[in-house]
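Per-chain residue numbering starts at 1, and chain names A, B, C, D, E and F are given in the order in which the chains are listed.
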Amino acid sequence: MKIRVINPNTSASMTAKIGAAARAVAAPGTVIEAVNPSFGAASIEDHLDDVWAAAGVAEQVRTGQAEGADAFVIACFGDPGLHAAREIATGPVIGIAEAAFHAATLLATGFSVVTTLTRTCVIAEHLVLQYGFERRCRGIHGTDIAVLDLEDPASMAFERILAASKQALEQDRSEAIVLGCAGMADLCHALQDRLGVPVIDGVGAAVKFAESLVSLKLATSKIGDYAAPLAKSYAGLAGPFSPG
Amino acid sequence: MKIRVINPNTSASMTAKIGAAARAVAAPGTVIEAVNPSFGAASIEDHLDDVWAAAGVAEQVRTGQAEGADAFVIACFGDPGLHAAREIATGPVIGIAEAAFHAATLLATGFSVVTTLTRTCVIAEHLVLQYGFERRCRGIHGTDIAVLDLEDPASMAFERILAASKQALEQDRSEAIVLGCAGMADLCHALQDRLGVPVIDGVGAAVKFAESLVSLKLATSKIGDYAAPLAKSYAGLAGPFSPG
Amino acid sequence: MKIRVINPNTSASMTAKIGAAARAVAAPGTVIEAVNPSFGAASIEDHLDDVWAAAGVAEQVRTGQAEGADAFVIACFGDPGLHAAREIATGPVIGIAEAAFHAATLLATGFSVVTTLTRTCVIAEHLVLQYGFERRCRGIHGTDIAVLDLEDPASMAFERILAASKQALEQDRSEAIVLGCAGMADLCHALQDRLGVPVIDGVGAAVKFAESLVSLKLATSKIGDYAAPLAKSYAGLAGPFSPG
Amino acid sequence: MKIRVINPNTSASMTAKIGAAARAVAAPGTVIEAVNPSFGAASIEDHLDDVWAAAGVAEQVRTGQAEGADAFVIACFGDPGLHAAREIATGPVIGIAEAAFHAATLLATGFSVVTTLTRTCVIAEHLVLQYGFERRCRGIHGTDIAVLDLEDPASMAFERILAASKQALEQDRSEAIVLGCAGMADLCHALQDRLGVPVIDGVGAAVKFAESLVSLKLATSKIGDYAAPLAKSYAGLAGPFSPG
Amino acid sequence: MKIRVINPNTSASMTAKIGAAARAVAAPGTVIEAVNPSFGAASIEDHLDDVWAAAGVAEQVRTGQAEGADAFVIACFGDPGLHAAREIATGPVIGIAEAAFHAATLLATGFSVVTTLTRTCVIAEHLVLQYGFERRCRGIHGTDIAVLDLEDPASMAFERILAASKQALEQDRSEAIVLGCAGMADLCHALQDRLGVPVIDGVGAAVKFAESLVSLKLATSKIGDYAAPLAKSYAGLAGPFSPG
Amino acid sequence: MKIRVINPNTSASMTAKIGAAARAVAAPGTVIEAVNPSFGAASIEDHLDDVWAAAGVAEQVRTGQAEGADAFVIACFGDPGLHAAREIATGPVIGIAEAAFHAATLLATGFSVVTTLTRTCVIAEHLVLQYGFERRCRGIHGTDIAVLDLEDPASMAFERILAASKQALEQDRSEAIVLGCAGMADLCHALQDRLGVPVIDGVGAAVKFAESLVSLKLATSKIGDYAAPLAKSYAGLAGPFSPG
């Protein structure tokens, strides 16, 4: 089984980290293909970054689909381009925010999200509502650590996320933590050890759920809302990405 | 990894069928232990059956926990005893209604449930609401096939479920079907072939999600709502099931 | 009119207290029959206790129905077994959480619940949602007084509940207090005197609402979701409770 | 105990009918005082009628309060002036729509409303939402019988309401009927006999719930949202109704 | 185009202030007619005031309609009589709470309301829910400044509203402020300058939205819920306001 | 005042039609600048088209902002790129779906949407939920007319939209129609004449609301969720659109 894990930003180091996180949990027969778009932002931290990330995801699902990927993971917590990706793909497509929310509700009655910049919280809120988790998600908390600073030891990212998580559990009366950025995947187990509650990294969760669906012979529904994109030619720089 | 799959009713033939469905999708290293309670109803078709099924699930989680089960699946569409099971267990516990709803939303924007007796629809409605899928579940439809008649060819179960599914997809503008009974697990692939949309059996989905969580080192949160049951002695016939 | 008031736990002293609270408000012609199951927990403080309490309630509704009870009250704040009880009974069945929530909304635009163990709050939350009071219930607060300690003067229960209620009114901007445990029934009037806002004990409210419905010739609907349980034989220790 | 039952319209014959319905269910010691405002519409059938009905209710609660009424019932299905009435009154105030919705949810998982003019349905919808019953109320159906025609045999009101109720139960998968007009109170039992499901008249329900609350020593909360109206002088024709 | 702006209270000074605020934003061709009812309260600060304000609004819409007003604005934050006004009018009718909420959601993902008396917050909450802004409105805050004190410099109204707004933005994580009283219209720009976020006065917003709808040839729908009031004679003091 | 009206697809004829519709309603002093992106789809009919449209909108807001546009309208019913546009712009940004929904709720208690392809209905549903109109929008109906066929007389677009609108009003018990495509703007008045209820074209509504906000000195909140995009360089083909 081949799962294409798409880092929607263009930072190769983050693509590598995400690929490693995916491979660490993948089943023996699963091939993880970690990629990122050829264009867009180095980190997704606002709505504008998100718009281009969605286009980048579409690029990578298109080529992945042509090359026979069995499933796709969108490894950015805003799940950019998720619906378009499901139109293009025939196999399952899973966003990491979505996967993390689902996993959290299987383990706890309420969870809190700890993420990077406070300004991205509204993106998570929109997803929580669209997916139906507004009564299970008890709080979304920014740490104001920039995405790329997660890799910089001087950012004290681990300590700050740990502190924010403790506060969230207490304040929200939550019982699990969802990490709000693919770039936090490597901190997951250490945080879980320190906090004593489930700490969920969406990259891992999405990979396992994608594997699960493929092995159950379940794929994206191709009638109605996720039918294949209509064949048409796109103009200008979007031309190479035309569905027709 | 050992997953105890609990059929909450006392029909051995159904336990066997559920066990087979679970084994058919389990990963190589997974041991499926299909069990049923020592007491209760031969099929779960109303609220009273459900009450005793919940107690039966608690019985089987208790012994499974003592015997080292890594995860539990509750294989009845009402997810009886789910919250109590999560108190008793340390590993993940997944209900098949829950699992099927989650899987459906990963594949389609809207799904319909096709179940057995119409009178059980309200149980599914309560779950849909509690889990947060009230905007994704576009209809719950009874076929009025009794649970145990699913195994009787004279019931024409396949044909009736197929017809009800077609009607549900049309009427609800849905794009996936969730099967509303563990006893329909064996019909899943044939229905999917005929309908051309994802058809989700919760038994398979729950087993794969349980495997996923265990392999991610995620377990039920043991602080707050799902902390271990308080140690106390139960009176009367409940005595043997005392948590203390 | 005969109303069977079921204490779902097995503590005789609490059954007596609940019976007294019920009789204190019952109309002249009403006979209160205070009973408890023959099995289960001495106090209902977690999901597992709740599962057995539901079975215990079913036991007592079954016999009460056979003996001609006109209505039933389930005197535990989690309303265990409510739906099953409504299947078995022909007269009205009212849970005390339900009754208290209804009464509160007739007196105030927002109310707060003050209950025993914090871990039971999630049970109340599930009920609040199922009944539709999620916009009227402005907070659910645990005091971490164990149910049976309510009868122990050393627990300072009155003072702690008073303090928690004051804080809840302030913090939640609420205007009424719902007592979250049948064992608090005897504190109701003293708390109301001290707080100057309505303080609602569900036992009293449920008894009066049950009387109301019976005198209005209203009974549980017996079509659809609350039709009589299907006739079947239960196996094992559930055998004596078979509906068929 | 004295309960003032306010018919918010000015039709004396309807006031008499409502008074009779109230007395038919009142407890031995309860005195029912059936009144109507000195001004307003002869029937409440649109938003404008409702506005004047609210003022009329305020008039009657004001005088009732001065004369020592222990509780109030607002006997029009739009519950006009409910919040203002609760400010003025110290005892409980109950609207008949409110009472009927509450009663219905104690007897069935879903109910349908059958009312008079279709254009009044939106008023009921607003109340259903404000009270929190939007998931329990499965349909609101107009019969387009004018309120005052309910008393005219030529209107075939009984037959039309019966037919609309049958259709509503079927179409909405409901299990109880709420009558959407105080003027239908006299049809309640005959409809219940014919339909075989609970048929709820809000007048009766409100009277019994008012009696219940008074006997429980529960009254409208006088802190916050329902505190007594601020003392001030009203200008013009509202002068006689000034709260100060 | 003639827009009748109705101050639902009887304070001439406030009517003048509202008229000035409306004229300040009106387009060149727009005639603003600022009026108030002939009866009712000098300020609307509780449910009882609101009831009479609704009747007063109906009075003024009735005469305005007869005199050819093209649209109506209800300039009190509780939007009293809005639905009745829409029955009477043929042109658009807009409440200032409604207008302010709509404007706020076009400018920010979340807003907070800062209003006068805390006891009026529940009126705003009811409107927020009815209009569908319950997820966008992140807080409603009383300052406990009486409406008529807004015009008294000794009340320090500006400073207190400024402080309450700052606290609301911080505490609610909001990005815009809605002023919860027509009497605050003159403070709007100064507050916006100090706060650095959009501060919305409903009077201005309602006038511009009314102009917009009229110029788009859009008017209140006259089928169904807002059809013209049924012709009937009202009794007593309501007689002059009869729709028939 | 200069309002940039962005047609997010690349069809010049549709840009011209949208510009004409905008100019037809604009106030004397308003300059309408009708533009479309340099890239993307000729019509927006699925999620993939929508992804590229969002990027195209970002392109046009960026240049419009540099050239001093006072406000922006996004003239595609999916409101593509709305949140990103609000980050980039300092003036107001309004989507036509959003504008039409707001206008409809000011005129009717319930509205129905009539749109082009059925597969786009889910996009409208997501918006309805995000904006909070899920209780006011009573139905979303596809006509399966392709966007570009709206301009082809042979498509019988007017007749089909008229028929679909009639059916929607009846079936949904709605009182206003929202046109679900910018390409229907020219049919709006003729449809309104035939249907006798408000028919709302979002292009006109958005232009007027944008004018309204600008004249009220209201602009997009620039703290929090809509703060200016973070300065960063985008890679690859997105490079020219970098916010930094």
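Here is the rule we use: contacts are C-beta pairs under 8 Å (C-beta built on N, C-alpha and C of every residue); 3 or more make two chains touch, one makes a residue touch a chain.
Remember, predicted model here, so these are calculated numbers, not experimental data.
Q: Same or different for chain D and chain E, when you check if over half of the residue numbers at their contact belong to both copies?
A: The interface of chain D with chain E is built from mostly shared positions.
Q: Tell me which chain's centre, taken as the mean of its C-alpha atoms, is farthest from chain F.
A: Computed centres place C farthest from chain F.
Q: For chain A versus chain C, what separation do you get between their C-alpha means, in angstrom?
A: 44
Q: Between chain A and chain B, tell me the centre distance in angstrom, where each centre is the average of that chain's C-alpha atoms.
A: It comes to 28 Å between the two C-alpha centres.
Q: Between chain C and chain F, what is the separation of their C-alpha centroids in Å?
A: 52
Q: Touching two or more other chains, which residues of chain E qualify?
A: Answer for chain E, listing residues that touch two or more other chains: 109-110, 121-122, 129, 135, 173, 224-226.
Q: Okay, in this complex, where on chain A does chain B touch?
A: Counting only chain A, the residues touching chain B are 25, 27, 92, 94, 98, 102-103, 105-110, 131-136, 169, 173, 175-176, 189, 192, 196-198, 200, 204-205, 208-209, 211-213, 215-226.
Q: Spell out the residues on chain D that touch chain E in their complex, using ranges where they run on.
A: Per the touch definition, chain D meets chain E at residues 10, 37-43, 45-52, 54-56, 58, 81, 83-84, 86-88, 118-119, 121-122, 126, 129-130, 224-227, 229-230, 232-239, 241, 243.
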